[in-house]
Amino acid sequence: MQTTPKSANALKAADGGKIATKSRGYWATVWLSLSRDPISIVCASILVLLVLIAILAPAIAPYSPSQGAMVDRLLPIGSPGHPLGTDELGRDMLTRLMYGGRMSLLMGILPVFVAFAIGTSLGLMAGFFGGWVNTLVMRTTDVFFAFPAVLLAIAISGALGPGLGNSMFALTLVFIPPIARVAESVTTRVRLLDFVDAARASGANSLTIVRVHVFNNVMGVVFIYATSLVSVCMILAAGLSFLGLGVKPPTAEWGLMLNTLRQSIYVQPWVSVLPGFMIFTTSLCFNLLSDGLRGAMDLKR
Amino acid sequence: MDNIVEVRDLCVTFKTSEGSVYAVSNVNLDLAEGKTLALLGESGSGKSVTMKSLMRLHPPHKTQITGSIHVAGRDVLALGNRELSDLRGKDIAMVFQEPMLAFDPVFKVGDQIAEVVMRHEGCSYEAGRDRALEMMECVHIPSPRKRLDAYPHEMSGGMRQRAMIALALACRPTVLLADEPTTALDATVQIQVLLLLRELQREFGMSMIFVTHDVGVAIEVADEIAVMYGGRIVEQGPVDQVMTDPWHPYTQGLLGATVYPNMDPATRLVSIPGAPPQLYRQITECAFAPRCPHATDECHQPLPPPTQTDQRMARCIRLPEVAGALPRASVLPQ
Amino acid sequence: MTAFLQVEGLQKYFPIGKNFLGRPTQVVKAVEDVSFATERGKTLGIVGESGCGKSTTARLLMDLSPPDQGRITIDGQAYGKGAGRKPITALRKRMQMVFQDSYASLNARLTIEESIAFGPKINGASDREASTKARDLLDRVGLDPDNFIRRYPHELSGGQRQRVNIARALAIDPEIVILDEAVSALDKSVQAQVLNLLADLKAEFDLTYLFISHDLNVVQYVSDDVIVMYLGQVVESGPAQAMYSTPAHPYTAALLSALPALHPKDRKTRAPLEGDPPNPISPPSGCRFHPRCPFAEPMCAETVPPLADIGGGRHVACHMRVPGSGYPEVRPIVTVAPSPTA
C-alpha cells in the first residue's frame, strides 16, 4: 500500500551522509568494536585457553593430580618430566595447576553468575517500582554493605562449615548486594528516560515495559560490572581455600595450593608462586576484558 | 593594525578513533575594534570549534590547527602555555551557554571573580573584591554586595548568566567570545542578557564574537555576520545586508526555514531537504551542493575562491544567478 | 455543547522534602486549575517559559504522572479514576505524545521497526500486522522503510529520529497527539521539514494537536488557539491571531515583545520584563505575575484574578481586564518603539 508520491517523499528526506552505513545489530556492533581492541582479544584468548585446559584436564594432564612421589619433592621449574616442577608432596605442578583451574574458575564464575541473576532481578524490581519495594530491597543490601566482603565471606562460610558448596553459597551471598545496587541505580536512571514514558503511553503494562524496554538496557551495564567481579570472586575463593574454609586437600585448587606451598617459599620460590601467578593472570584478564567490554558497549549517539 | 582579531586560512582537524574529523576548513575572519561578529550556523557547522580555536581551548594532542590566528597583535598559535594562560581571561575572555560550568560550585561568586583579577593583575584580595563588586554592578545584579558572598547555586539562571559575564569581563578583555550564552534562557531573560551584552560592549569598547544558531539573536547583537556550513564560512557581510538580501543558497534556505511572526499558517515553510554533511572527509567541493536547489554538476567540483565585494563574501560559484533567487519575495517583513 | 477535548481543573502539586514522618514539607504547585478545550482537527498551542507547567500538563493528560484533580473528556466521554469514567488505558488509545529529546525517547537497544511496532503489538496486533504498520508509517513520515527499518536510533540524525518518534506516536491510531517541544531541539532547516510533515499528517489522519513550545513564533504559525501559562496557571487563552495582534495579559505582551528583532533597525532598546520567573515552590500571592508586572496595583498582590471572558473566545486572568473592573477597556501595554540601530 505504498503510493508513489509518498515514496518520493521518503527519498527526499533520507539524508545523503548516513545512507551508506550498513545497519548492524547491537551485539554485532559491540563484537566488532571489541574485536578491534587488541587487549580484549588477548585477554579473551587467554581465558578461553584456561577454560579449555580446565575442562580437558583429565585428558591432557601428564600425571594424576593426587599421586606424588616423595623422592621428587619440590623439583624446580624445568626438571625433566616435570616442566613446572613438583610440590611439597612430589605431585606434578603442571597437572595440579590444570586441575586446580577447574575448581578455581568454577568458584570464581558460578557464584558471580548466580548473584548476577538474583541481584539483577532484585535491582530491577527495586529500581522500577520504587517506593517501599525499593526501600525494603536497598536497606537490606545496606546491611550486607556494613561488612567488608572478605569478612562477610569468611563469616558465612565459617558458620556453614568448610566445603565447596558452602563456600560458593557464601560467595554468592556476598555478591548479590553490590550487583543489586548497580542494577537498581541503572534501572532508576533508565526508568526516567522518555522512551519508558512513551511505552507507558502506548498502553504497555509494567511487566512488558520491564521486559522489553528496561531489562536489555540494564543488563549490559550490570553484565560489565559482573565480569569485573569475577576476578574479585576468584581471589576471595582462593582466600577461603587458603584459610581452609573452601575445598579440602588433596583437591587441587589454586588458593589451597598457594597455602600449602607457603612453607616451601624459601626452598622453591618460583614453584611456590605459580598458583598465585595463575590467580593473578586470570583475574587481570577478567578485569581487562570487562574494561574492553565497557568501551565497546558504550554506543555513541 | 585596526583589526583586533585576524584569522587566516584556519583549519581544525580532530583525530578520533574513527578517523579524522575536518571540523573547520579555510576560515578567514576579521574583526574590527568595538564590533560584534556573529557566527551563525546549525549544530556541527564548526562555529563553536572556530571560536574555541581563538583561545586554543581544544585538547592539543587530539587537535591539529593550521593557518594563523592573531588576537590583539599576538600570534595565538605560536604562544607557549604560560603566555597562553596570560592571554586567556585577560585579553580574550569567554562566556558559555551553561554558567554552572564557568563557576566552581564550592566557592563564592565574588571570590571567584576576585581570584581572576588577582591572578592577571597581581593585585591584593581587597582590590580584587572591589573589582568584583564593581563588575557585579556593571552587569546589573540586584544588591550586588550581598551577591558577592552567594554560591553559584544560590542564584537564578539569569543572574548566574550575569555573574558569568562579570567574571569574563573582570580583567577588561579586548575580545569577548560568547558561545550561545542565551540559548538556555527563557525568552524574557534572553532579551535582558542580549541587551546587557550590547550595553557592556559599548561601555568597554570590546570586540565580540557571538556564536549562535538563532537568526533573531544574531540580528539583535551583531554588526557583521558569518554564516557557517560544513566547517566553512559560506557567507559573510554586514548583518542588515546578509539578512535582507542573502546571497548563498544556504543562507536563503535558513531564512526560509525560520518561522517569523505573523506568518500565514497556510504557507508552507521552505525547508532544506536532507541533513548537514558528515565531516569525516575533507570536503573540497561545495558542502551544501547535495541539498541545494540550484546545484549543477560544476557544484560538485572543488570550490574556486569565494566571490568577494567590499563588504560581502559568499562561497557559491553560481552566485550571479542564485543571489536574487529568494524563496519568498521578501525574506523578512520590512 | 462540549468541545472535542475538554480539560477542567487540572491540578498537580509535587511534594518536595519530607519531614521525619514522611510528610512533605513543601510543595511545588506545578499545575493549578488548568482548563482548556479544543475542537477536532484543530491545533492548540501551549506557550510559557521553563517552569510554567506546560510539560507537566502534557504528562498529566497522558497520566504519566497522575493528576491530583481534574477531569479530561474526549467527545463527552470522561477518562480517569472515578464513577462513570473510562480507564486511562482507553484514553491512551486516543491520545499519544511526542517528546522533546528524540534520542531519549527511543530505546537504543531496539530497531526502528521494533520501536514503532511495540504499540500496535501490545494493543493486540499480530507481529505481521504491526510490522506492516511500522513500514507504512515510516513511509508516511518520509523515511524509506527498506533503508531504515532495521536501523538503531544512534544511526539516525536528530531529524530522522524525531520522524520515527512521530511514527511511533501514530502507530496506535490516536486522535489527539501531544507534541511536547517536539521540534525545539532540531536545527532550523530540519525543524521546517518536521513542521511541514506535522501539517501533512494532521490533514491525512485528521489529527488534533496539542503543541507545547517555548517558541512563540512556531506556536503562532501552527496553532488555531493558544493558551499562555505562567507559574502553573493559565493567564490567557484564545484564538492565536487575535492574541498575537492584541495581547490582553501583560505577560503575553511581554513575551511577544521579548522576541528578538528580525531586522537590525528594529532592535530592542529595553527588556519588557526585569528579573527571572519566580520559583514555583513559593509563588507570589494574588496574581502570580504581579512582582514583574509593570502595571501591578496593590490589589494584584492580594486577590487571584479569575480567568474572565473578554469576548471573541478569549479569556484572560488579569484584574485590569475583568469587565466592569473600572479599568479602561484597552490599556496601552508594553510596547517597544522601533529605534534606529544603536
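Chains: A, B and C, in written order; residue numbering restarts at 1 for each.
As a convention for this text, contacts are C-beta pairs under 8 Å (C-beta built on N, C-alpha and C of every residue); 3 or more make two chains touch, one makes a residue touch a chain.
Computed from a prediction, not measured in an experiment: that's the story for all the values here.
Chemist: Determine the set of chains touching subunit A that also touch subunit B.
Modeler: C
Chemist: Of the other chains, whose C-alpha centre is the longest way from the centre of subunit B?
Modeler: Of all chains, A has its centre farthest from that of subunit B.
Chemist: Measure off the straight-line distance from the CA centroid of subunit A to the CA centroid of subunit C, and report it in whole Å.
Modeler: From the centre of subunit A to the centre of subunit C is 48 Å.
Chemist: Using Cα averages as centroids, what's the distance between subunit B and subunit C in whole Å?
Modeler: Once rounded, the distance between the two centres reads 31 Å.
Chemist: Among the residues of subunit B, which ones contact at least 2 other chains?
Modeler: Those would be 273, 275-276.
Chemist: For subunit C, what residues touch not just one other chain but two or more?
Modeler: 157, 160, 193
Chemist: Hunt down the residues of subunit A that sit against at least two other chains at once, touch-wise.
Modeler: Subunit A, residues with two or more chain partners: 12-15, 17-18.
Chemist: Quick one: which bits of subunit B touch subunit C in the complex? Just the residue numbers, please.
Modeler: Where subunit B meets subunit C, its residues are 42-43, 142, 156-159, 186-192, 194-195, 198, 202, 213-217, 219-220, 239-240, 243-244, 253-254, 256-263, 265, 268-273, 275-276, 332-334.
Chemist: What residues of subunit C sit close enough to touch subunit A in their complex?
Modeler: Subunit C reaches subunit A through residues 59, 62, 64, 89, 92-93, 96-97, 99-101, 103-111, 115, 118-119, 122-123, 136, 138-140, 142-145, 147-148, 150-152, 154-157, 160, 163, 165, 168-169, 171-172, 193.
Chemist: Can you name the residues of subunit A that touch subunit C in the complex?
Modeler: Answer in residue numbers: 1-2, 6-7, 9-15, 17-19, 21, 23, 26, 29, 193-195, 197-205, 208, 212-213, 216-217, 299-301.
Chemist: Under the touch definition given earlier, write down the residues of subunit C that touch subunit B in their complex.
Modeler: Those in contact with subunit B are residues 49-50, 157-160, 187-193, 195-196, 199, 214-218, 220-222, 244-245, 254-256, 258-265, 267-277, 279, 341-342.
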